[in-house]
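Next come two complexes, and both contain subunit A; in the first it sits with subunit B, in the second with subunit C.
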Partner chain A sequence: MDYEVSRKVWDSQIPVQFTLQAGGPLGDPLPYYTMLPRFTYLALTLPKVLSSFNRRENGETILAEKVHLEVNGAPVKMYIPVGVIYDQLNQKNLESEGILEIHVRTSQPAPLDFQMVSVDSMRAMFCQTVKEADYLKTKAEVTSSLMKEDMPQLWQSVVNNNFDEYWGMIQKLMDPKDGKDFLHVPLRVYVKNQPFKQALITVKHPDGSLRTIGDAVSEILQLSTSSEASTPTSESSATSSSEASSPDDRRLISHGIDVPRHTPLIFAAKNLSYPDNFVHIVIAEAR
Partner chain B sequence: MLSEQKFREELQKFVEQMSQNKWNWQLKENGKYARETHLETLSSGKIVSADIHILYNSTYQVPTLWFNFFENNGAPIPFEEVVRDILKIPESEESDSSLRQRISHYEHPILGVLYYNIHPCNTEKIMKELKTDSYLISWLSVYGQQLGLRLPDSLKVH
Partner chain C sequence: MESVASESAPKPKKITVKLKNIGDAPVLKNKKLVVKASDTLASLTKVLRKMLNLTLHDSLFLYIDTTFAPSLDSTFEVLARCYAVKTTGDEVVELQYSTTPAYG
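Right after this comes the complex of A and B.
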């Protein structure tokens, strides 16, 4: 792992504005502005946002169970890293220049396609994701040898934005002591309006040369289109158009930057992963 | 371990066998997963609908159970209620092997929304200890039981 790169990735932040439509005689409270680390989750941020809104005198207390969150009029996934949400939107339509606008709504009932995620549930998902990543990398050799308190410690480093604690933990997961190569690389690819895609992708090609991130993304998208092709449904044929763009036109976005296609996959895995140990790549159309 | 192709073959056979027994499993997305839904009456008298899916997990290369429970207006039932009233896992069970510790929300790979799944990380180990003709049936006899899923007698593993 490269300390400088990991530190930069950890430190990168995005501007976020939360607005609350409360109605009532007091009107809406002022928006809440904050800079969020890209690696954090809305599930972790929401309690702070609500406690700020709830600081108003005489305002009705707003409970997390009673709100839902929207971006651009659509429900937002509270359990994917904020940086990935930002990169998905940043392609065209952030409402105002570069700021992620999250609308906190109190209308009941909440839309059925929104899912509130508690901090506890977020922690469980995070741990399952780290374990899955380690299964891909080492067949879970590392996580099964980790101390019982290690996993909660990794999660705490995310909750507390504590890089030093994170760095101590993440090296165990990314640079295992036995020095073996990763078997597969934990990589999730986001195509607009579809669930993320992942597949078993090895670090090297069969001929021993290093696989690049461009190769890996193309293979994942190809695998998913070919399995869609064998299962022709109206849904899949309608949504696969964005994958049809030729590979060279695709931009691979992670942490707000265009990741060069020739980046070795293993470099991306070790240095560009989010704390959940997955590399998250958002596919954008060419400018 | 089970290859995806083998999984699909066994899944198709399983659904056929179930429908012969008048059990309501259906193949979805041209065989990518199987789905079963039914209504359950809780001890409080409340009726909830259960939605249960069998999917292939490409990371662990094993089948995985995904499920959710809904109110009759379509709202998903909160986790604590699922654990307490539907799966009836005793609160005292906090050990790592407790079902409580092995269930969490995760993004459903086909629907793209959060469903519960039973963590597949130990499936391979457990399946190694079982010897049988159909991987899927013996897997389901272990994992399905934890959700109260039953199998017709003719399919039971002895």
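Right after this comes the complex of A and C.
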């Protein structure tokens, strides 16, 4: 792992605005502005946001169980890192320039595809995702050998935005002592309006050369059913994929930057992963 | 799903799911299900809750290889690609279910 890179990735933040349309005689409270680390979760931020909204006098107290969150009129996932939400909006779709605008809604019922996530369930989901990542990397050898307090400590480093604590823990997960290669790289790929994609991708090609992140993303997208469905019959599936964007003009976005296609996958896995131990790549169209 | 120029729309891919109870979770009569590749774990959870007659207060946890609980928005396409078990040549996604948290 590279300390400098990990530190930079950890420190990157995004501006977020929360607004509440409460109606009522008092009108709406002022928006809540904050800078959030990219690795954090809306599930962790919401309690702070609501206590700010609830601070005004004579206003009705807003409970977390009674609200749902929207971005651009669509329900937002509280359990994926906010940096991934931000990258998915692809900047130009953000309502105000560069600011992630989250609408807190009190209208009932909440949309069916919205899931309220408490801090407790967020912790459980986070730990399970770290385990899934480790299952891909080492068949869960590392996480099963961790001390009982290790996972909670990793989670606490996220909650408290404590890089030093994180750094101590994450090396155990990313640079296991036995020095073995990862079996597979935990990588999720997000294409607009589709569920995330994931596959078994090894660090190296069969000939022993290092796989690049560009290779890995192409492999994940080529084999997926949605691209099969749009493969014209005249073209053999052995040729390049028929995704709307050809591999060359696809941009791979993570942590708000264009990740160069030739980046070795193993470098991305060790240094560009979110604390959940997955590399999250958002596909954007060429500028 | 939009298909571009293909004449015959390909059939949506189906995936076989095998379910096994752990702990005190009730045993299912029908342990095998066939789901669409585009279905998510969340949608299976809904079906399973009905099959098991669980109330709103009951929890339900699904695990892969008795090790971890995949994210509920994982599609079965993803689960099959990453975790399918091939015993008799067929790809099967094996899930364990529990009404109490089972593994960490």
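We take it that the second predicted complex is superposed on the first by the 267 of 287 C-alpha atoms of A that agree within 3 Å, B and C clash if a C-alpha of one lies under 4 Å from a C-alpha of the other, contacts with A are read in each partner's own complex, and residues count from 1 in each chain.
Here, contacts are C-beta pairs under 8 Å (C-beta built on N, C-alpha and C of every residue); 3 or more make two chains touch, one makes a residue touch a chain.
What you are looking at is a predicted structure, and each value in this text was computed from that prediction instead of being measured.
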Using the superposition on chain A described above, determine whether A:Ala140 touches subunit B (first), subunit C (second), both, or neither.
both
If we overlay the two complexes on their shared chain A, which of subunit B and subunit C does A:Val159 touch? Say first, second, both or neither.
neither
Can A:Lys131 be said to touch subunit B (first), subunit C (second), both, or neither?
both
In the overlay, answer first, second, both or neither for which of subunit B and subunit C A:Val203 touches.
neither
Between subunit B (first) and subunit C (second), which, if any, makes contact with A:Met151: first, second, both or neither?
second
Taking the superposition as given, does A:Ser121 touch the first partner, subunit B, the second, subunit C, both, or neither?
first
Once the structures are superposed on A, label A:Pro109 by its partner contacts, choosing first (subunit B), second (subunit C), both or neither.
first
Intersection of the subunit A residues that touch subunit B with those that touch subunit C:
77, 79, 115, 124-125, 128, 131-132, 135-136, 140, 195-196, 198-200, 230-233
Subunit A partner, complex, touching residues on subunit B are 29-32, 58-60, 73-76, 79, 104-114, 119, 121
What part of subunit A is in contact with subunit B in the complex they form?
77, 79, 109-110, 112-113, 115, 117-118, 121, 124-125, 128, 131-132, 135-136, 140, 194-196, 198-200, 227, 230-233
Can you list the subunit A residues touching subunit C in their complex?
77, 79, 115, 124-125, 127-129, 131-132, 135-136, 140, 143-144, 151, 184, 195-200, 223-226, 228-233, 242
Touching subunit A in the complex: which residues of subunit C?
1-7, 9-10, 12-13, 37-38, 40, 64-65, 67-75, 77-78, 81-82, 101, 103-104
